[in-house]
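Two complexes come next, and they have one chain in common, chain A, joined by chain B in the first and chain C in the second.
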Partner chain A sequence: MFYVELLVIGLVWGCMYALMALGLTLVYGLLRILHIAQATVFTFGAYIGLLVANRTDSLPLAFVVAALAAGVLGPLIYRLVYEPILDQPPFVPLIASIGVLVAMEDGFRLIFGPYGLSFENNPWFTTTLAFGGITLNLVQVWMVAAAVLLLSAFALFVVRTRAGVAWRATVSDPVIAQNFGVSVVRVRYLNFFVASVLAGIGGVLVGLLNNLVEPSMGSVISYKGLAIIVLGGLGNVPGTLVASLALGVVESFGSVFLDKVLDRDAMAFLFLIVVLMVRPKGLLGGAH
Partner chain B sequence: MKLKLLAAAAFAAGVLAAPASAQQTPIRIGFHAPLTGFAASDGKSSLNGAQLAVEQINADGGVNGRPLELVVEDDQAKPDQAVPLANKFIGDGLKIVVSGSYSGPTRAAAGVFQAAKIPYVAGYAIHPDITRAGDYVFRTSFMGEVQGKAAAKVVGDLLKKKRVTLITLNNDFGQALSAGFKEVADKFGLEIVSEYTYAMGDRQFGSIVASVKRDNPEVLYVSGYFFNGGPLVAQLRAGGVQAQIVGTEGFDTDNFIAIAKNAAEGVIITTSLDRESKLPAMRKFIEDYEAKYKVGADMVAASTHSAVSVAAAALAKAGPDDTAKLRDALAATKDLPTAVGTLTFNELGEVNKAGQIQVIRDGKFHHFATIDDPELLAAPTK
Partner chain C sequence: MDYYLSVATFAALNVVLALGLNMISGFCGQVSLGHAAFYGLGAYAAALCSVAGVPFVASIAVGILVAGAFGVVVGFAALRVREDFLAIVTMGVGFLFLGVVRKQSWLGAEMGISKIPSPLDKTGYALLAIGAAITVVLLSLHVRRSWMGRAFDAVAQDEDAARTIGVDVAGYKTTAFLLGTATAGLAGAIYAHMTQLIVPDAFNFVQSITILAMVVVGGIGSTLGVVLGAVLLTVMPELFRFINDYKLLVYGALLLVVMRFSPEGLAGLYRRVSGRRLA
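Let's turn to the complex of A and B:
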């Protein structure tokens, strides 16, 4: 039972990583940018969600506003930071992205104070559900539900809609897609919008789970997200999802059995090294 | 350079115009704290506490008629920031420096100040090697090990419990606390059922909660800071863990209660600050702090407030110019009332004082016990 519980907790963590990493891999797939500043969007979403929740006492409203606010910030970062330097080698946008993350961390600190903020009312956290001996709180349940629902919706969108087809066409060959009348620029904005909405919702959920929204909350998840998309095979969406869940489970077991020897955050990278030694193209390498 | 010349000219003019005003040049105390980065929240409390001390001293007429001035630098809680910063303080001619920071930067700076023979007072950094840097380095708080021993006494003697699980933060702070706890666990008849460690960045503890449920201890001894401890305690309670939680001075801030909310009820901590203290210096600190900053006082602020008070007392005795005399005055500190209690340094520059045990009830810290056990809480002397 104990092991099943650890497995379930690992999958919950995996869903949290998936919400974050999918956006990273989408941006990489389209533009070959390692979008570290996604973590800024994540933190921003968490702050907006917390402010709305504390003002209105409505968590659903908090999620909607946070998702939209994050959905504006992501494309804005693209427009202001990445677009002017798209013709530069990939490390240039990467450095710019790190710059945004670091600057915004102190920006959050200056705006919202260094102590971090907590939800005044966090009913989901204290409501627990028991599934055959395993207790999860409602935030954890929503973490899984949000990941499954949003990622399924995304899959349907990509397969079933014209915009989704245009997206896939642009990812595989932007020049030909453009010749067929696809607006590459619009696809890019859409891409950043989707990635940022997922990150924003993930931010609010993590804020609820910790009952703490703090300026530095994006920094750990930023580099862990990079490990995940490399694990998944850069730009490979199914690979990223598998890698997210796998990392969650590795951390869940590792943080109990390897805790004396290894930092939990170091496990992501040890796992990455081990996997890359065996499968140099990532967990699902070659599938795409 | 121009500015310095101007300042010198203004100073000279001042001296010529009114000889007494030379008395009014402020005495500068160096101060570093993590004002940005992951520890910025403690940095803020730390700076607040130090500034309050300076303000109170100046309102009382300063040190021998001269006002104090705090020269503040940000160390980001990083050792590699602390060394250049220490050299800058020395280059600027400061004669005494207070650390309002964590162990990493304080330990790095301690060696630099010792080599330059500049007295250095650490507020709340707990690593044992800090005062071992030499005879110019002092500390006004408990070392981690000593506080861990106090916690073991709380569990064994006051709570009369036996089976303990340790949840330890894997930095020097957490390791030192747990080491002290384990050192005397046998003495208090405690059985350590299990120990889990976690990292500074961790906020989610689902796997540890599951393990604690399996181990079923009577008491959890949890080290860490409020930003780890708040989520951890909340998740333990939400996961159905009922065991008594004993925490550390890292939870000694209202922010801990703001995060953990109802889950914080009944949590006991070992710390230096007693919210219901009868000591006039501690009372005055708590009241003035809350009046000035409109937030509850915390351990970090009390500790840096005390460190500045200790430095000011030495300045008053030895004057601001001769660092050897200042060191001697610091070393001779005896029964000095401060915000964290009545302080006397031992030959290593450590303090012996009573440990405060607080409990959280109705969303506030309250007095639970005072541990005044000179033998158990004796600081090392070498």
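Let's turn to the complex of A and C:
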């Protein structure tokens, strides 16, 4: 039973990682940028969600506003930071992205204070549900639900809509897509919007789960997100989802069995290094 | 006076660290986001030796060797994975180092190692660090001009082409990691003895990024540019109190601005103004 519980907790975290990593892998697939500044969007979403929730006492409204605010910030980062340096070697946007991440961490500290803020009223945190002996709180249930719903919606969007087709065309060959009349620039904005909305919602969920929103909350998740997309084989969406769930489970078991030798946050990277030494292109890499 | 000596010592140590990273990332083109791990390896290895009673010079040598040995291992990883994959792997190496050190009681866990014997006074450490910095500057200038420097350049520009014309890519990559990480070990060993106390957090991701910022602001690939970048980023927070309080804000913004307007850093600016390359 204990193992089942570990597995479930691992999968819950895996869903959280999937929300974060899908955005990262989308950005990478389109622009070959390791978008580490996604952490900034994540934390920003969490703060906005918290402020709205504490003012209006409505969590659904908090999610909507946070998602939209994050959805504005992401494309803004693209426009101001990445667009002017797209033709530079890959380390240039990566370092610029790290710059945004570390600067904004201090920025949040400056604006919202160093100690973090809590939700005044967090009903999801205190409500627990039992599933045949395994107890989860409502935030964890919503994490899974949000991941399943949003990722399914995304899959439908990509397969069924014109914009989705344009997107896939741009990812596989931007030049030919442009020749067929796809606005590559619009696809990029859409891409950052989607990635950022997912990150913003993830931010509010993690804020609710810890009942704490603090300036550095995004960075560890974003580092792990990078580990995940590398594990999944950069730009590979199914690989990313598999790697997210796998990492969640590895962490959850590792934090029990490897607790004496390794810090929880380092496990992702141990897993990453071991996998990459065996499969240098990631778990599902080399498929295309 | 003591204050100026300690600023000078840190500036010199940062020059050593930044030049080491520059050999890996600038000369040989292998982006590394975990340089602080090797700084930490050198510091921990030297500290353990000194605490166990090993003489000062031997402890420093052990620090260099341990960091260099692990550097070669990571260099092997660089043979398996490339570019963006490698950037994330090296970042992972940094987190793995911290994650392991934090849990080991024989390494002092979160409390680190304290009461490290310190045989020199402040002036002694300043001279030692400056001596180390000058040595590494000369080494770096020499490597750049040597056959090995050209081979590094070939690997950085196009690995496959380099291999085709017979450059031993694997050998040069590993050598670049060995040189870069061994110098980081030297800086770590000096740092451990000077402060007499080391904690895991001194070697975290932010430290790696700080070293990277020095390289990037100075101009990736240029020895003198990187020296300038390291000195500037060490001294600036000391000059302006505000910067010290919001160091990360300033470093982050600097990284962003340099990447946006002059990806070749100060060395790039110099070239644009004077028309000549900075060594």
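Everything below uses one rule, namely that the second predicted complex is superposed on the first by the 287 of 288 C-alpha atoms of A that agree within 3 Å, B and C clash if a C-alpha of one lies under 4 Å from a C-alpha of the other, contacts with A are read in each partner's own complex, and residues count from 1 in each chain.
By our rule, contacts are C-beta pairs under 8 Å (C-beta built on N, C-alpha and C of every residue); 3 or more make two chains touch, one makes a residue touch a chain.
Model, not experiment: these values are computed from the prediction.
S.K.: Report for A:106: first if it touches chain B alone, second if chain C alone, otherwise both or neither.
M.R.: Touch status of A:106: both partners.
S.K.: Just to be sure I read the superposition right, which of the two partners does A:211 touch: chain B = first, chain C = second, or both, or neither?
M.R.: first
S.K.: Is A:263 touching anything from chain B or chain C once the two structures are fitted on A? First, second, both or neither.
M.R.: both
S.K.: So in the superposed three-chain picture, is A:255 touching just chain B, just chain C, both, or none of them (first/second/both/neither)?
M.R.: Touch partner of A:255: chain B, not chain C.
S.K.: Which partner does A:247 reach: the first (chain B), the second (chain C), both, or neither?
M.R.: Neither partner.
S.K.: Counting only touches as set out at the top, which of chain B and chain C does A:32 meet: first, second, both, neither?
M.R.: After superposition on chain A, A:32 lies in contact with chain C alone.
S.K.: Which partner does A:226 contact after superposing on A: first (chain B), second (chain C), both, neither?
M.R.: Second partner only, chain C.
S.K.: With the two structures laid over each other on chain A, which partner does A:15 touch: chain B (first), chain C (second), both, or neither?
M.R.: In the superposed model, A:15 contacts neither chain B nor chain C.
S.K.: Determine where on chain A the residues touched by chain B overlap those touched by chain C, and list them.
M.R.: Correct list for chain A: 106, 219, 259-260, 263-265.
S.K.: What part of chain A is in contact with chain C in the complex they form?
M.R.: Touching chain C from chain A are residues 28, 32, 34, 81, 84-85, 88, 90-96, 98-107, 110, 219, 223, 226-227, 230, 234, 259-270, 272-273, 276-277, 280-281.
S.K.: In their shared complex, at which residues does chain C touch chain A?
M.R.: 25, 31, 33, 77, 80-81, 83-85, 87-89, 91-93, 95-96, 98-100, 102-104, 205-206, 209, 212, 216, 220, 246-257, 259-260, 263
S.K.: Within their complex, state which residues of chain B touch chain A.
M.R.: Listed in rising order, the residues are 36-38, 40-41, 43-44, 170, 195-199, 201-204, 206-208, 210-211, 214, 227, 230-231, 234, 238-240, 255, 258-262.
S.K.: Which chain A residues qualify as touching chain B in the complex?
M.R.: It is residues 2, 5-6, 9-10, 12-13, 106, 109, 113-116, 118, 122, 125-126, 128, 135, 137, 140, 206, 209-212, 214-217, 219-220, 251-253, 255-256, 259-260, 263-265 of chain A that touch chain B.
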